[in-house]
Each structure stands twice: as C-alpha cells, then as structure tokens.
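First chain written, first letter: the chains are A, B, C and D, and each begins at residue 1.
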Amino acid sequence: MFKKILIANRGEIAVRILRACRELGIRSVAVFSDVDRKSLHVRLADEAYPIGPAPSRESYLCIDKLMDVARRGGCDAVHPGYGFLAENAALPRACTDAGITFIGPPADAMESLGSKTAGRQLARRADVPSVPGTNDPIENPAEAQALAQRMSYPVLLKAVAGGGGKGMRLVHSTAEFESAFRDASSEAMNAFGDDRLYLEKYLDRPHHVEIQIFADAHGRVVSLGERECSVQRRHQKVIEEAPSPIVTPDLRKKMGDAAVRLARAGRYVNAGTVEFLVDANLNFYFLEVNTRLQVEHPVTEQVTGLDLVKLQIAIAAGHRLPFAWESITPRGHAMEVRLYAEDPDNDFFPSPGKILSRNVPSGPGIRLDDGVYEGWTVPNDYDPLLSKLIAWGNSREEAIARLRRALEEYTVIGIKTNAGLFRRILDEPDFLRGEVHTRWLDDLLRRPRFASSLANDHRPGSAASDAAAIAAAIWQANQSDRQASQPAFFADQPSRWKLEGRREQLDRRP
Amino acid sequence: MFKKILIANRGEIAVRILRACRELGIRSVAVFSDVDRKSLHVRLADEAYPIGPAPSRESYLCIDKLMDVARRGGCDAVHPGYGFLAENAALPRACTDAGITFIGPPADAMESLGSKTAGRQLARRADVPSVPGTNDPIENPAEAQALAQRMSYPVLLKAVAGGGGKGMRLVHSTAEFESAFRDASSEAMNAFGDDRLYLEKYLDRPHHVEIQIFADAHGRVVSLGERECSVQRRHQKVIEEAPSPIVTPDLRKKMGDAAVRLARAGRYVNAGTVEFLVDANLNFYFLEVNTRLQVEHPVTEQVTGLDLVKLQIAIAAGHRLPFAWESITPRGHAMEVRLYAEDPDNDFFPSPGKILSRNVPSGPGIRLDDGVYEGWTVPNDYDPLLSKLIAWGNSREEAIARLRRALEEYTVIGIKTNAGLFRRILDEPDFLRGEVHTRWLDDLLRRPRFASSLANDHRPGSAASDAAAIAAAIWQANQSDRQASQPAFFADQPSRWKLEGRREQLDRRP
Amino acid sequence: MIELERDRVAWRVTLDGRTVAVDAVETAPNTLSILLEGQSFEITVTPSPDGKLKLHTNGQEFTAEVIDPRAWSGRRHGAVEAEGRQQILAPMPGKIVRLLVKEGDHVEAGQGLLVVEAMKMQNEIRSPKSGVIERVLAKEGQPVNAGEVLCVVA
Amino acid sequence: MIELERDRVAWRVTLDGRTVAVDAVETAPNTLSILLEGQSFEITVTPSPDGKLKLHTNGQEFTAEVIDPRAWSGRRHGAVEAEGRQQILAPMPGKIVRLLVKEGDHVEAGQGLLVVEAMKMQNEIRSPKSGVIERVLAKEGQPVNAGEVLCVVA
C-alpha cells in the first residue's frame, strides 16, 4: 500500500480524499495556492505545500509544480480528485515518468474513453446504444428525411457549426421535415456562415442516469449501480440520488452490463462513470464516460456502504476487486445537494466572501462532505462549491424528509448560498414523484415562484412572517443601541421605547 | 399519526427526537428551564415553553408542568427521551389521565420489567438466566458453601446491607469459604450494623452486551440485535458498538430469543433494552431491562438502517411492526463515543462553560448527534453530555479508523472535554482486539499514561511537539502584541524581535 | 405595524394592535431565536446594501424594511429628557390620522402625541419631554410636509 | 530554545539553533494552522490560570510555558528606541554564559549583548538602543542576581 499520497486538488474533494488517506494510515500531502493557505484541506492534511498564485493555471493546473511537490515530499501516489487535471492524460503520463502511481485510469484509457467522439466509437464497437443520429453532416436532405423516418419522430436538426440553439429545429413529423431543414440551414448560414446540418434523435424529457463502474488491473470490471442526476441547472447537476426512481431491476442490469462492456472495450482501470440518457420508454443512450471520481460519488457510497476513494486507492495499489462486490445490493436511498456560494437573486452568480457564522446539520442519516469552515473566506478564484449535503433514508421519502430537515437546520451568515433552491425543489410534486428530466429545473426556474405549491406557513401574514418581522425590528433596535453605545438603552434599567416596522413591506422571497 | 409531540427532555436526545418529528411531519414541542432558553433543542423545535428554574426537580421532573404544557400546546403524545422521567411510571399514568399517548411502554410493563428485583423474578419465569446466587440472605453458612460448590468457584460473598465493596469477599475455592464468610460478616457488621451476607456467582471480566427489542401493541416482539457496552467508567458506558465483537450468530439468536421471551412475559410494548453480562465462555446472564430509548441507540440504527425513534412513535400510534423487520440483517459496524464536558485532568469532573469555538467532524461514515453549538454556554445543572459521535464502517476496523479520524478533527475551545480519553482507548491493543470487560477502562485509567503504546509522533521532540512549542511561542507573541496594542508590532512594517520558549517545559499530557 | 417595548429582560411586542408574547434572544451574531406565543423560530438577519433586511427562517426567506420612529422625533427618548420648549416637527411627508393630546394636557416623556401615516405605515410621534401641550397645530386628516410644526410641548 | 522573528508576513523560527521554515496562520480564535517544514498541524491554544498553555493537535495534548525575553530588557525593542545612557540589568538570578560585545563596540537597537542562563534556559539580553558599549561589568561564567548591572550602553 502507498505511504504518502499527493492530493492534486482543493476544497471538499481534497478533504474527502485526505480523510480516506488518514483512515487507511497513509500520509496525505495537500497543495495550496496563495489564496488557499487557510483552506480546510490545508488545515486537515498531514503536509501542505504552496504551489503559486491564485489563478489555477499558475497553481492547481501546473503539472510541473505538482510533480515537484510529489518528489520533494516523497509521495508514491497522486490522487487528482475531480476537475482541474483529473481528466488530463498529461498528469498520469507525468506520474509514470516520475515513477509515481496515478490513482485513476491509465492515460490511454482516459483518452480513448474520455473524449466524446472516441467514446462514441468505442460504444458502437461494444454494442452500447448512443443517441441515434448522423454525426457527419447531411449531404442529401432526402436521405436524411428517410433516416429520420427510420429513427422515428421527433428528431432534431442541428447546425454542424452550431451552438446556443441557432440553426436547431425540432421536427415532429415527416411533413414538417423539408421546411424545417430549409429554415435551419438558412439560420445556420446567417449565424455561422455554414449551412451544414446533422440529424439527432430528439429525446423528450430524458433522465440523466449514470452507472458507477470499477475495474481492477486484473481484468475484473463491476457495476456499483446507477445514480439519477436529472436535476440540472444549465447542464450542471445540482441534486443527485441513488437508486434512480425510474430504473427497474431489469434496466439496472442492462445498463450495468453495457457500462461494463464499454469499460472492458476501453481497457479501463479504476473508478469511472458511464453517463446515459434514458427516455420515457426506458430506452437508454450512451452519452459519455467520466474517467474519474464524480462529485456525486457519495450517494453510491451511502447505498452500497463502500468507500469509493479507498477502493480507488486499493485498485491503484494493484489490489483485486473482491468477488463479493459483484453481489453488492444497495440499501435504502441516498440524495445529495451541492451547496454553492451563489446568489439566488442574481441568477446564481458566484457569491464568495467571508463565512461569519454557520450552523451545519447533523443527526441520523445526514452526511456532510464539507470544504469550508466558519471564519473562512470563500475565494473568488475557483468553483464556489462549499459542501455537499447527503441524506440517506430507508426509502426515497425518508431520504427527502431528512434532506429537507437538514436544509432547514443549515444556516450561513456572511455569504449567499443556493440552499433555498433545494428547499424549493424538494417541495415540487414532480420532483417528489421522481418525474424530472434534464431540462426540468431550467423550466421550473422560469416559472414565477408563487405559482408553486406552498405550505400554509410560507404565506405572508403567517407566524413565520410575523416572527421574521419581529426579528427585523428587534435586530434593528439592538443594532441602533450598539451603534449609539448609550448604556441607558441596555438592559440595566427598564427603557421604554417603540420601534415600528413596516410589515406590509415584508415579502417572501424564493 | 400524531399531530404534535411534547418532548419531555433536553439536550442531544431532545434534538434527536424533534428531528424525527420533523421528518415525519409532526410538530415538536420543547420545554426548557431558565438556563436552557438558548439550548439547541429550543432553537430547533417547532414550539418551546418555559417550565421553571434550572434544578430539574423544579422543571424537567415536574410532571404537572409538563402535562400543563402538553395540554396548553394541544399535544397528542409525549416522548420522554432517556433520563429524567423516562422510567418513572407516574408519567405514562399522568398521560393516560390526560388522554395523551405516552411514547414508551405501559406503566405496568415499566414497573414489572424496570425494577431490578421484579425483572429478575420475571426472568426466572421466562427461563432467562440471571447471574446465579442467593438473592435472600444466607441463613446457614454450610448450605451456602454447598451452593457455592454447585455454582462453581469463584463466587462473591456480599453484604445484604452493603455497598462500596464493604463486606464483600471474592472466594476462589471451597477451602477459602469459611474464613471469607467470617471476615465478610464481621466487616459487614462493623460497616453497616448488619452481618447478613448473600452469595453471587463471580463473573471474571464480563462483557456488557444488551439486546435492543421492539414490541408492538399487537403482540409482536422482535430483537434488533445486540450492542456491546463493556467500556465503562465507574459503571457509566463511554463507548458502545454494534455488533459485539464477541457475539456469535448462535449466541445472538439465543440472547435475542431470551430478550423476546422476557419482553413477552412482561407484556412489554415499544422500545426496550435487555442488558446481559457475558462471560468468557459466552454464557450470558440477565442484568436488567431499560424500559426506554438508550443513549446508545444510534449504533443499532447505523447497522440496521432503522430509525428507532420513528419506530417508537409508530408503535405508540398503534402501528404494527412489519414482518420484514424480523429478518433485518445488520450491515457493517458502528461505534459511538459520548463526548462530555469533563476535565480529564481532574478525574473527569464536569467542566461546564462557554463553547468559544469548535470544529465538528463530518464526512463519510460519520454521524454526530449534537446537543450544543458554538457560542452556547454548557450549564452547570445537568448531565454534561455535549454530543454523541458515531462512526460506521464496513468492518470494525474501518469504524474505528473513521472514529479516530473524526476525533482528530474534533476541537473545542472554551471548555474541557473527554475527547482525549477516546483517542487513548482507540490506541489500546485490548480494545482493538475487542477484549474488554466492564472493569477494563477503570483498570486502564489506573495505569500510568506512558506505559501504553504510543505512536512515534506522540513523543516529546517529535514534529508535533515542535509544532506545539512554536504555536505556543507565536500565540504568546500575538497575544502580547494585542495587549500592547502597539501598531509598530503589527505587520505593517517588518519588526524584528525574538521570543524564547522553554521547550524543555513542553511535556505531553494524556 | 409592530411596536416594541423592552423591559428589564424581555420584549413586549404589539402586532397590529394585538399584544403578543415574544421571547427573543441572540444565539449567534445576526441570529435570533424568537419564541412567538410558543412557536420557535430561528431567524438569521442579513442587512442589504439598500438598508433592507433579509430574514431566513426554516428555509423561508423574507425581506423587511424597518423604519425607526426614534429617528423622527430627532432623539431617542427614554434616555435623558429634552429640555426647554420643544417644537414637534413632521419627520416626513404624510397625513395626520389621529391626535392623541389636546392643548393643556400634561404629557410624560415618551407619551404618544399624534399618529402620522406615511408610505401606508402609521407612526406614532411621541413627546421628547414631560410637560404641558402648549399648542396643537395639526388637525386630523390633514396632509403635512416634512419639517412642519405639529405641536409644541413646554 | 525557540527564537521567533517576524518579517512582513511570516515568522522565521530557530529551533535549538536550527532555522526551520514555519508558516503560521490563525484560522479561528486560539487556533493556529502551522506548516512546519511542510507538515501541517492544527493547534488549539488554551491558557491555564497558572500562565502555562495547553496545546492540542491531532488528538495530542502538550503543555508549554513561554517566557518572553522582551520582559527582561524592560521594553520591547523594534518600537521606539530608548534614549540616553542605559544600564542593562539582570532580569532574574542566573549565570552569564556568553558575552557578545566588548567595551567600545557599536551596537544597534535589538542587538544581543550577552546570554544569561536561568532555569536551564538561555536568554539573550539585547540592547534597548543603538549606541556604544560604555562598560561591561559581567564576566562569562559569573553568577548574577536580579537587578545587578551587567553593562552600560551610551
């Protein structure tokens, strides 16, 4: 087993990895940029070394600096976490050159499975279905129309040069095809100076479901089941859960087998995630492979009882996957929310700053993968993920109830967070029924807040609203007293005074 | 189901219960004494009412005040937690009179199983072995000698009026019996004015193992497996775990069956714990029944996945135990430590005070059942339990590694805690092998600290010791600067000065 | 309309004219635990740059603006009393909705003199000193401008 | 023996005569994050009533006593300089183990003058001002009493 692992990352995932190291008796080496000296991962690591200025391209993305720390610190392995260099094949190559083990897939497997086009080619060879369509430009509209017929409508016409929805048309029937093709090509020409189109099957409100796989260096590949990650804001996952509310045992087996076939075809080793879209008829289509630990790995850990980071380390050290793992049965249900320093009133724009005080939830079924602490200043320079809050329950209902309870306990003073977004999502009937798709949250956020169902005590004029108004008045009164520093207004002698608050101005926010 | 539950308790268990209520959509009503207005359970409850001055006999033990709050608040059930009134049959009786459901056993079952002597009589009827011996005074020494022979030595002679070891003799063989009897009676006469003795089988280094049972109001009784609670300081449990490292599947079934028989015999309903002593030969002996939720219930929750408080509430509401629960198989291993505000340098005397700052552990496998928060002042008036820290792992080794890791992350400024005691226990080879008994910790605490095994970096002159010395010097320098308030010493301009610390004085404490 | 009154340890609160039992304590900076007729609320207060307050409780968010009537009378009463003859001025444009005193009345410091409505909020103007109402210039129903003399306490 | 020296942002630390790289920051009240030649320690400091410090790190507990030599020279150097002729007095009973200057030497404020050993600890006595050593009364190996004049800086 390794003696010392360099963690080439920061924030909650660096903390997650160093905790695994500590539990295994392996020394952990953190790295930090100039703004991260006081970061939690630096405080908790066994060793920590500076690697340069705040911009990540001058610190966390500098392979040379990382390898230098690894060598100086006598590390025998490197864990990349997720993000930064985690899917950059140059890092495993540099590790190999330095005689240090990379905790992740080999560089070749990373490249052959990690790139979207190479992954799709591999998927075709491994008999894993991808979203049907022409990846090459359409030469002949009539031929494309015939293909659309075979794929069955609706289909999407997309500009080869496109992006941002320009030159894109949703086609519902063969009758619409010709005019849609004309419109889309001319729009594409206007927008990009390139009128070429390609054809893709349109998946109506698909679920994002991904399979966690593990492969050892001895040819064994296993699936640890799926995660449902359909709740996304602009293609960014915000809530993940395991198991998926739509996946049946039969579908689980089919998707797991497909993911394992793909991993074998790519000679994959270590942890990986095969992402699929699943349509309403439970057809699944390969999307891409993430050749690393996922942000959302804890939900799989909570239902399987496995520690995926420790598994990654063991596999990198050459251990075999024990046979028993193929027969692992998930228990209960787990759900994760990603708590970000974001301003919900300003389109979830990052909102860094100093955490003046906070209450974090705890108790039965609650796990917090924390990357911050009270008194710390969230820097401006990186992804503003603060912590991941994970709830486990015997059932999906219990997991949701615990998550909702934990979110009520969670308070932060000093920075804005997206916690309110999750409270809102957890009240949505669609979500509670598990009927969400990858565009569901974006749709929801376009709807006015008051249209959604609300518990009675959310309404203005409720006890909560009264209490908030009273708190505002008292806070202001205390504040005035402090600013005035007039001892007469402190509690030493009864002082009668009044303060009036405009309760009419008290309105509820999302 | 209930609409509103009065929680007749405080601290972490009140928080634990109100969390269950919130997850079930039941309103929670807290009560608080004058010193508990700012307690966590008051902050987190849906409602909270004052019940009088700090002394518990004037607040938390006042059935009248509690019933008054329950009536005024419109509660339809009362949960007593543990301690305070939890095993006082007057509370369920008062509830019955008020037409409010008591979440716990009926008053009669509480009395028939809860008292030590009544419990033993019931155990005899239910064919559950107790520690062998004469519960009645010895009339005839010769007869007693014959009985001792039949029980097999060693045996204990104990003063009927006794306590504190006076009039007690450990007898190893029949040859010693007569003189031991003489010595013990005369000692008992001198100490208590009563020379009567009784005889009990001496269990050499027994384990404390307890069975968690649940019984519904429809005659169904199940065992949820055992907890090992042998690590005790003066008969007070400090670490608990599930499963027990010494219990075999066969023993688990036998003890579970015995516990269920006993519960049936006592017409028990709701959660209860049957405590046993287990000797080196895996013979088990009934000790007593705790007719309530135990402090250590979370370890059972972590391995079974059940929420015992929710189960209690469901059973009190008349629900049936589902059949499936009999077939519940524990997963992995869980271990709990009880974090107290205690001074380890002063014989673990309670050490209340203000929590100026703290870091609480989190991450995989860690659950914190918290009763306090930063900025709160632990009052002088109650049991100084701060929080329970529970670690779950796939194996006992992993649970221990996670607990150790979590304890390293746990820091508190402002009050003293017993956290260091657990770090010490978790390093003990006996404990790691599961070879502990009810007197093991008391023995350990009598041994000098340096005799125990230590990692190298614990020694003076180590890096940790150097770092601590440096931290002391820097802290003192900063402190002096602050007190002096001389801006010249702040970082604006380079200021050269020296501070010398006597590193020789730096010694390591337990 | 919320009115607060602080005695030795607790707040007495009037909510739309109804007195409610409120027990408020600060548990952390900008965090209040409020017991409102027994109901427990943990409320965090975040001041906005625009002077409004954001309030979070149990996952709900509210926005409030507090207007301190002490600012209106130009001083904080309850501390030392103002001395000499005092003109009571309208603190902002509004409408006199109620006169609480008439000329010749004896008033205590802090006693309400009249009620001004502005921005849909009613605000009581109180006496900065104990004394006698020398003159009342305001009339019920009358609109007033900021700075206008409403009455005089001597 | 630990010696500290602070430049603009960091501490330079000498540990038993060996310079070590230390990066120390305060992460919470009485909580220091120390990087000692790369090793990371989170250390909480609890002052005892007896003036000693309790230190916790990673579950280990240490006790330390810090004696600040600035107290010895009667002032903090590095701030304003003392003025006029200065007698350097022994701050406590001990033994002169080393003389660092001789009569006629020019010294800077803060420069070491001699080393006194007391309670098994060596403490450097430094000049409260820049100037010239007018007289050296102490001898190496000589025991001294508190308050005894050791040298004079003019």
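As a convention for this text, a contact is a pair of C-beta atoms (placed from the backbone, for glycine too) under 8 Å apart; a residue touches a chain by one contact, two chains touch by 3 or more.
This is a predicted model, so every value here is computed, not measured.
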Interface with more contacting C-beta pairs, comparing A-D to B-D: B-D
Chain centre separation (chain B, chain C; CA means) in Å: 52
Distance from the mean Cα position of chain C to that of chain A, given in whole angstrom: 49
Multi-chain contact residues (two or more partners), chain D: 28, 39, 42
Residue numbers of chain B (touch at least two other chains): 44, 357, 359, 373-374, 404, 408
Chain pairs in mutual contact under the definition given at the outset: A-B, A-C, A-D, B-C, B-D
Residues of chain B that touch chain D when the two form their complex: 356-357, 359, 404, 407-408, 411, 413, 419-420, 423, 457-458, 463-478, 480, 484, 486, 488-489, 491, 493-510
Contact footprint of chain B on chain C as seen in their complex: 23, 25, 27-28, 33, 35, 38-40, 42
Touching residues (chain side chain A, partner chain B) in the complex: 15-16, 19-20, 22-25, 44, 298, 301, 305-307, 331-332, 357, 359-360, 362-370, 373-374, 394, 398, 401-402, 404-405, 408-409
Interfacial residue positions of chain A with respect to chain D in the complex: 29-30, 37-38, 42-49, 73, 373-376
List of chain C residues in touch with chain A within their complex: 1-9, 11, 13, 15-16, 20, 22, 24, 26, 28-32, 34, 36, 39, 41-46, 52-70, 76-80, 110, 119-124, 126
